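Each of the two complexes below includes chain A, the first together with chain B, the second together with chain C.
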Partner chain A sequence: MNVDAVSDIFRRVLENAEVSADSDFFVMGGDSLLATRVLSAIARACGVELDFDDFADAPTPGALAKKIASMA
Partner chain B sequence: MSVVVVGAGLAGLTAAADLAARGVEVTVLEARDRVGGRTHGIEVAPGSWVDAGAAYLGDRHTALTALMAELDLKTTPTTMTGASRFALGDDQDGHRTRAGRFPPLSAVALGEMFDALDELTRGLRVDAPWLSADAAALDTRTAAEWAREHLRHPDARLFFPLFLGEMMAADPQDVSVLHMAFYLRSGGGVRYLNAFAGGAQEDRIAGGAHQLCQRLAAGLGGRVRLGEPVRAIRQDDDGVTVVTATGSLRARAAVVAVPPSLADAIDYRPGLPAPRSTGRTAPGCAVKVHLVYPAPVWREHGLSGWSVNARGPLLSTVDDSPQDGAVGVLTGFVTGREAHRFAALPVGEQRERAVAQAARLFPGLPRPIGFHATDWVNEDYSRGCYAALFGPGDWLRLGPRLVTPHRRVHWAGTETSTEFFGLMEGAIRSGRRVAAEIVTTYGAEIVTTHGWRDNHV
Partner chain C sequence: MSYPYCDVTKAFADAAGRHPDRPAIAHNGRSLTYAELDAWVRATARRLGPRPGVVGVVTSRSAATVACLLGTLAAGGTYCPIDPAHPEPRRRALMSASGCRLVIAAEPGASVPPGVRPVDLPDRAEATRNAGPDRADSAPSSASSRVAGSALDAVPVAADDPAYILFTSGSTGEPKPVVTPRGAVSTVVGALRDLFGLTPADRVLQFASLNWDTCFEEILPTLTAGAALVFHDDAYSGSFRRMLRMIDAERITVLDLPSAFWHELVRHLVEERAALPASLRLVVVGGEAVNPVRLADWCALDTAAIRLVNTYGCTETTLITHAVDLHGPLAARRAAPWRAGERVPIGHALPHVRQHLGEGGELLVGGPSLALGYRGRPDATAERFVEIDLGAGPERYFRTGDRVGRTPDGALVHEGRLDHELKVRGVRVDPAEVEAQIAGHPQVGAVAVAGAVVADHTTLAAYIVPRSPSGVVALADDVLSYLRDRVPSHLVPSRITVVPELVYTASGKVDRAGSHRRYASAAV
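Right, the complex of A and B next:
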């Protein structure tokens, strides 16, 4: 999954179009409940199941895409 | 007398205060020897109060916030700092400490659960759930059946009942899918309802939520009569006769502001065309436990006081210490089936179990200096908390008549509000709505009439 695809998921879940590769999910109003919905969307799209701590470590589309790539 | 209001909870008192402010003669009849209904304060240390009933609010609770401003009440934030404790494993002692509030469960599984709930609530007509596209299908099944079909991952199956218990004090077997979806939407959506910061648990009322009703009642003065359970309401072309255990009152109209099953316990002549509840309408089940310590000791260990537990009695705990720091208060929620089990125990055993569980959760806790368990399950004049739970078939049957007056008898109470149903906000909105309804329906008739008979004296 590339950065753009992860950014799209952020946009949908946050209902906010202003997401870039280095937007921090939690700064943009995301919380842990919404984070789970990003993670379920990623799992559906590419089969990689991240846990909450992975997301907390990498809360931007750029960092998350790297993490996914390292695990796929 | 112009209007008799039955029930001195938030809904009844809001309605009465609105009517009195418009020059309507009003009397409130309350069964208990106190006002407040499902809001109730306990003084845990001199001048320090905790909420045995409703406690939390958020910024979308605009009617409540406005009422607080009128009554000169302030909020106090529920800010949580520190780590959470979780006991979600099969082994009783598998406690885990984690930063933040996220449980040590599969985030993907929980995400799928919230996706499914989101999809369920999206198609719903929240103002009239019985008219939703899939209403009939959603109303025949229970939330437990829905979970068996839609939740595959064991973590989601473990978490779902805890989530529903926390959100609506419901056991999944007791509510229809339609009611669950309605309730979640009505309260602002899963995320808003679940959140402390930025959500429905952002604040508490400084000094206790019970002050809302106490101040409303103080403003109404002698218009509020305690210890007056209403047994019957008779009506004819000119008005109503409201019969209590000790006498009766004649008025132009009545407002019944009590939970649905208690509204049904009143004898109406002529009878209601349809009941306000059914055999499937379940009481929400909650026992709220307060453990009082000399200080919030858990904070010294970097813990917030928040915990979520698969085994009872305390399915979750939260730090509700008064702001003045006089004592440390750990509030425990016992909900669903667990509430029935717990409520049946003798007080000594309730105390032992709660204290032992708190000690396992929060190391280094001293013995508590106070223990209070408020059992809402067996309260004769609440029958269900946080609110009534609509079971299979209820919304289709009861929904269309939720606010339809029975001639001169009008309805209020949080269970009549499709906005913020089950919450203080819903109760207040229902009170405002019914007061406006009364004024529109009876107009000048009620502001000028003085003919009334009172058998009390």
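Right, the complex of A and C next:
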């Protein structure tokens, strides 16, 4: 998954169009419940099953896309 | 139906006597038998000594914390969980407000405030050496526990001795310590074993944080029924795929989830067209209103064989007081599917509960499950625990602050709060407590905290007015880190917005909802 695809998931889950590659999910109002939606959407899109710790380490679309690439 | 007083520690010891070799706790695939857990509990109680007073326990999701809980109760002490994730000043304040004299940490070397004595948890291997499944070769299966037990049985406990102290949100910024007596715990645990229909064949997932009372409704009915309590990291990973695989592999039969988390599970199941593991027979939800749309989705899945039970209760009335089967084999049939806008009932009073609808439709709860009150807070206790006479003499009732109505079949429906309290993922939050904390920041001039519904669950939104215009830059981030250093995460708003002024009511009070309405769109 590339950065744009992850950004799209953030936009949909946060219901916020102003997501860029370095938007921090948890600063933009994301919480652990909404985080489960992001993790499910990523798993569905590319099969990579990340967890909360992975997301906390990489809370932006840019960092998350890198993490997914490293685990795929 | 009544539950004569039989202490929960005795109910556990009886279960251990009946099922010494069955698994009591499974943790990431490793299990501890009832005989082993019983031996660990007794060793913990001996280490604490008789009547140790309030015992702080630094919690973790582990068998060790369960041994501390049961060991404290077996010694005649009062359990008080201490969340290691709380900021240090908060932990100290809670220990002091609870009157904690001893602290047990599963890992040695925990820092404790002056005046509090640290106690090491007895080593599990040492405590359980004579209780392993193979001890039957050398001794009758219950001999060791009977001998060890005799010393403990000498600690007399009464139904009104305090069992645990937990905190609820208080408007002054200080949390209120709720003291729950042993009789309330044993009564409710008995009622929940019946409600859940637990048998030794059950395997119950331990999901709730060990710092909130919901964990007791998972732990205590299970361990007094001879069933297995299952801890597994995959349950808390945030990945529903991993969680569902784990439920299947661990053959979990019972889940007890916060409603908001269950909403996300339903969404996941629908979007993935995933099936629920066949082992599941009961899903208990509670803590927040059930969303009727998610409920309709659940009913449309292959869930007819699974009991879905909605529950309601307050810390002050001990775990669960009301419940109803919403779907599955014991649920009343419905003519039409659930639709958006309908109110999903919170249920009928359990057999031990007396209920009364007071002024403004406020639910009052009486009976043997009431807490003793708020420790050290006679004013707050008198305000919420009231004596009323409904014809049979004065009786003690707890004013829940919840407005309720009734469905035609007598189940209660929640219609709102009489005060400003919010439920944030099942935890009661008084917005005034959060405001009091935020107002302590030197650059904050005024603040309003409101509940905001985001994606099926309630979150906190804070609106702050800077004390001076020069302080605006990065104030929201600054307040965020200020809060994270002082309060637990459920009191940290998920959105903090700096605004020029708050909205006030005609009488000059801050209008929380009005401030939220004016600025909510700007916050997104």
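Some points to look at:
By definition in this document, the second predicted complex is superposed on the first by the 72 of 72 C-alpha atoms of A that agree within 3 Å, B and C clash if a C-alpha of one lies under 4 Å from a C-alpha of the other, contacts with A are read in each partner's own complex, and residues count from 1 in each chain.
Assume contacts are C-beta pairs under 8 Å (C-beta built on N, C-alpha and C of every residue); 3 or more make two chains touch, one makes a residue touch a chain.
Fair warning: this is a prediction, and the values are worked out from it, not measured in the lab.
Residue contacts after overlaying the shared chain place A:Arg12 against neither chain B nor chain C.
After overlaying the two complexes on the shared chain, residue contacts for A:Phe52 are found with chain B and with chain C alike.
Once chain A of one complex is fitted onto chain A of the other, the partner contacts of A:Lys66 are absent, as it touches neither chain B nor chain C.
Contacts of chain A with chain B, set against its contacts with chain C after fitting on chain A, overlap at residues 29, 31-37, 39-40, 43, 49-52, 55. Contact residues on chain A toward chain C in their complex (touch as defined above): 13, 15-16, 27, 29-37, 39-40, 43-44, 49-53, 55.
Chain C makes touch with chain A in their complex at residues 236-242, 260-261, 264, 267-268, 271-272, 425, 454-457, 459, 477, 494-495, 523-524.
Every residue of chain A that touches chain B in the complex is listed here, in rising order: 29, 31-41, 43, 49-52, 55-56. If you check the complex, the residues on chain B that touch chain A are 100-102, 106-108, 110-112, 114-115, 118, 190-191, 194-195, 197-198.
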